[in-house]
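Below, each structure is written out as C-alpha cells.
Heads up, the next two complexes both have subunit A, just with different partners, subunit B and then subunit C.
So, the complex of A and B:
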C-alpha cells in the first residue's frame, strides 16, 4: 500500500508542470504527450525548487516544494507571451503498422515490469546511494550535510546531480516512507511514460506510422538494455526519458521558436541534473541545433538562452549549494580533467565493445544502427542526433581514460547503461526525413 | 521486426522459472544476486533492531569485500540506526571502529562461539544483541 502511495506521489510531477504545458502554444502535442512532457518539466522544477530551498536553508515540505515548483512553471509562461495557439494533428484511426508498433511497445514495457518485479533488473546503485540519499534527505527535510560528510559514506557521491534523489525524497515525504520496490518500479513506469508520449512528439517530425515504429524501436531497445544492465531504480531511465524527449522536440520542423526551445531547454536541465553525462548530451544537442538554424545572431542568442539557460541555472544552484557548504566544487571524483591515460585507449574501447556485446547479445545497439544504415541518406537535421551520439561517445571514452589503473571492471558494469542513449539517437536519426 | 526481436529479448530476461512466487529481494535474479541474501536479511532485521541503535554487519566466514557492500546495504535498509563499517574498500577496519555496535547482523551461517544473544535467524543469516 505504501508502495502505491509512493508511486502515486509522482502524480505531483505532471501536476506542477501543467501550468506551463497548458499554454496554448503546446496544443500541438496530443494529450498523453502533453501529460508526460508536463511530468518531465515538473520533475526538473520540483528538483530545482528543492535545491533552492536547501541552498537557502529552508526545510522541505511537500506543499511548499509543490507550490514553489508550480509557481515557477506559471512564471515560465511569461516567456511564452504572444506565442500563438497550436493544435495537434488531426486524429486518425491507427493503421495496422501503428497498432503492431503500439503492441510491441506495450510488450516491452510489460517485460520491464516483470523483470523488475521478479528481481532481475534492479540496480545496486538504488540501495547504495540514490535511494539511501533520498530516504535520508526526506527524513532530514533537506540535503543532509552530516550524512554526506561522514567518511564512511564517501561512496554516496555527494556531488552527483540532485534530480533523482530529490524527486525520490519528494515522493518519500508525500508517502511517509521510502519504498524500495516502488523506487525500482520507476524503470517500467518511466518507460511506459516514454512509450505513451514519444509517438505524439515524433508525429511532428514524421508520419504517424514512422513515429509509432520509431517509438516502438526506442522503447524495446531501452527495455532490453535496461533489464539486462540492471537499471531499475537508478537515474538512467529518467535520464533516457529527458534526453529522448528533448531531442525529439529539437528534430520537429516547428522546433525553432519560444515554446519548443524553452521546453527542450527544461528537459535538458532535467537531464543535466539527473546524471553527469546529461550535461555533455545537452550541450552537444543544443549546439548542433543552433548551428543548423538560420537566423540573426540575436535570434540565435535568444534561442541559445532558451535551450541552455535552464541547465545553467539548475547547475548553478546545485554548485552554489556544494561550494557554499564546502561539500564539493566540481565533478571531481575521477581526477583532474585533462589527467588522462591515452595509452589505455585501445583497452578501453575493447572493453566497451565487449560489455556492449554482452548486453542483449549486442542486438540492442546493433538493430537501431542497422535501421539507420538501412534508412539511407538522411536530411541535415540527422546531424543533431548523430553529432550528439559522437559527442557523448567521445565524452564517455574520455571519462574512462581517467583512472590510472585498469578500468575494465568499471566499464563492465557501467558501459551498457551509459551508452544506451546511442541506439536511441540512431533510431531518431533514422526517423529524420530527407532534405527537400 | 527489430523492435519485436528486442521486445522478445527483454521478455527472455524475465525470470519465468520462479512463476508467480515473490522473490526474496529485489536482487534475486539480477547481476548482483550474490548480495541478495544480505538484502533479504537486512530487510528482516529492520523489524527487530530499534531506532537509534548501532549495528554492524559481518559475513560468515569474514570477507572484507562483502562486508563493505553489507555496510552500504545497512545504511540504506536500516534507516534511523547507526550502521558501523567493519570494512572499507576491501580492507578490514580495526575492531575499535565497530566495537560499540549494540547489534550484530551475520550474513551466512551462525558464528561460533555465539557473539551475544540471538534475536532471530533466517535462511540468510542471524541477528544478535551483542555482549560488549
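So, the complex of A and C:
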C-alpha cells in the first residue's frame, strides 16, 4: 500500500508540468505524449524547486515544492507569448503495423516489470546510495549537509546531479516513507511512459507506422539493456527518457521555434541534472541542432538560449548550493579534467566492447546499429543523433581514461548502462528521412 | 522532407518489428532458462536475482532489525573488507534512523571509528574475543552483539 502511494506521488510530476504543456502551441502532440512531456518537464521543475529551496535554506514540503514548480511552469508560458496554436495529426485508426508495434512495446514493458518485481533488475546503486539519500533528504526536509559532509558518507557522491534523489525524496515525503520496491518500479514505469509518448513525438518526424516501429524498437532495446544491466531504481532510465524525448523533439521538422526549443531545453536540463553524462549529451545535441539550422545569428542565439538556458540555470543552482556550502565545486571523483592516461586507450576500448558484449550478448546495441546500416543514407537531420552518439561515446571513453589504475571493474559495471543511449540514437537516426 | 517519405521503418517495418520482438524475447528467454522452482521463487530482498551475495547481506540486515533499539549506533564486521563496506552502505538505507560507524572503509581500516559503536553486527564472522562483547541474538548468517562497558 505504501508502495502504491509512493508511486502515486509521482502523479505530481505531470500535474506541475501541465501549466506549461497546456499551452496551445503544444497542441501538436497527442494526449499521452503531452502527459508524459508534462511529467518530464515536471520532474525537472520539481527538482529545480527543491534545489532552489535548499539553496535559500527553506525547508521542503510537498505543497510548497509542488506549488513552486507549478508557478515556474506557468511562468515559462510567458516565453511562449504569441506562439500560435497547433493541432495534433488527424486521428486515424491504427493499422496492423502500428497495433503490432504497440503490442511489442507492451511486451517489453511487461518484461521489464516482471524482471523488476522478481528482483532481477534492481540496481545495486539504489540500495547503496540513491535510496539512502532520498530517505535522508526527505527526513531532513532538505539536502542534508551533515549527512553528506560525514566522511563515512563519502560514497554517497554528494556532487552527483540532484534530480533523482530530489524526486525520490519528494515521493518519500508525499508517501510518508521510502519504499524500495516502488523506487525500483520507476524503471518499468518510466519505460511505459516512453512507450506511451514516443510514437506521438516521432509522428511529426515520420509516418505513423514508422513512428510506431521506431518506438517499439527503442522501448525493446531499453527494456533489454535495463533488465540485463540492472538499472531498476537508479538514474539511468529517467536519463534515457529525458534524452530520447529531447532528441526526438529536435528531429521534428517543426522543432525550430519557441515551444519546441524550450521544451527540448527543459528536457536537456532534466538529463543534465539526472546524471553527469546528461550534460555532454545535451550540449552535443543542442550544438548539432543549431549548426543544422538556417537563420540569423540573433535567431540562433535565441534558440541556443532556449535549448541550453534551462540546463545552465539548473546546474548553476546546483553548483551554487555545492560551492556556498563548501560541499563540492566540481564533478570531483574523476580527477583533474585533462589528467588522463592515453596509454590505457586500447584496454579501455577492449573492456567497453567486452562489457557490452556480455550484456544480452550485445544484441541490444547491435540490432539498432544494423537497422541504421540497413536503412542506407540518411538525411542531414540524422547528423544530430549520430553526432551526439559520437560525442557521448568520446566523452565516456575520455572519462574512463582518468583512473591511474586498471578501470576494468568500473567499466564492467557501468559501460552497459552509460552506452545505452547509443542504440537509441542509432534507431532515431535511422528514422530520419532522406533529404528532399 | 515530409512524414510521408519517411525513413526505412516506413519501407520495411516488419524487419524493425522483428528486431524489436527479438529484443523483447531475449531477456524472457534468458529468464525461462532457469529451473522452474527458481523462477517461481518470490524474492524477499530487492537484489535476490541480481546479486546473490548482496541479497544475503540485505537479508542479514533485515534479520538484525528486530534486535536493534530505536536509532541504533552500530558497526559491522564481516569476513572481508568488501563485504563489510557493502553492508555498511546498505545499512545506511536499510536503517534510516541509525548511525552505522565503519570499522573498515573501502579497504582502509578505521577501528577507532567503529570502536565508538555500542552495538556490533557480525556477518559470517565472529568478533575478536578481546572486543568484550555480549551476545544479544543469533540471526541467519551472523549475530548481534553489545559492547560490555569496561569496569
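Keep this in mind: the second predicted complex is superposed on the first by the 436 of 436 C-alpha atoms of A that agree within 3 Å, B and C clash if a C-alpha of one lies under 4 Å from a C-alpha of the other, contacts with A are read in each partner's own complex, and residues count from 1 in each chain.
In this section, a residue touches a chain if its C-beta (ideal position, glycine included) is under 8 Å from a C-beta of that chain, and two chains touch if they have at least 3 such contacts.
Not measured: the values here are computed from a predicted model.
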Subunit B and subunit C placed together on subunit A: clash or fit? clash
- Task: Give one of first, second, both or neither to describe whether A:210 is in contact with subunit B, with subunit C, with both, or with none.
- Result: second
- Who does A:247 touch here: subunit B (first), subunit C (second), both, or neither? neither
Check your understanding: Which holds for A:97: it touches subunit B only (first), subunit C only (second), both, or neither?
Key -> second
One more residue to check, A:430. First (subunit B), second (subunit C), both or neither? second
* To do: Based on the superposed arrangement, let me know which partner A:379 touches: subunit B (first), subunit C (second), both, or neither?
  => second
Message = Output check: A:180 vs subunit B and subunit C. Expected answer is one of first, second, both, neither. What do you get?
response = both
Per residue count on subunit A, the busier partner among subunit B and subunit C is C
- request: Could you look at A:196 and tell me whether it touches subunit B, subunit C, both or neither (first, second, both, neither)?
  value: neither
Both partners, subunit B and subunit C, contact subunit A at residues 101, 104-105, 107-108, 111, 114-115, 118-122, 124, 126-128, 131-132, 135-136, 139, 152-153, 155, 178, 180-181, 184, 213, 216-217, 219-221, 223-224, 227-228, 230, 233, 360-361, 363-364, 367-368, 370-371
Within their complex, subunit C touches subunit A through residues 1-10, 12-17, 19-24, 26-28, 30-31, 43, 45-51, 54-55, 58, 86, 88-90, 92-94, 96-97, 100-102, 105-106, 110, 113
Within the complex, subunit B is touched by subunit A residues 101, 104-105, 107-108, 111-112, 114-115, 118-122, 124, 126-128, 131-132, 135-136, 139, 152-153, 155, 178, 180-181, 184, 213, 216-217, 219-221, 223-224, 227-228, 230, 232-233, 360-361, 363-364, 367-368, 370-371, 413
The answer for subunit A against subunit C in the complex is residues 97, 100-101, 104-105, 107-108, 111, 114-115, 117-124, 126-129, 131-132, 135-136, 139, 152-156, 178, 180-181, 184, 203-207, 209-214, 216-217, 219-221, 223-224, 227-228, 230, 233, 253, 360-361, 363-364, 367-368, 370-371, 374-376, 378-379, 381, 430-436
Residue positions on subunit B within touch of subunit A in the complex are 2-7, 9-11, 13-15, 18, 23-32, 35-36, 39, 71-73, 75-77, 79-80, 84-85, 88
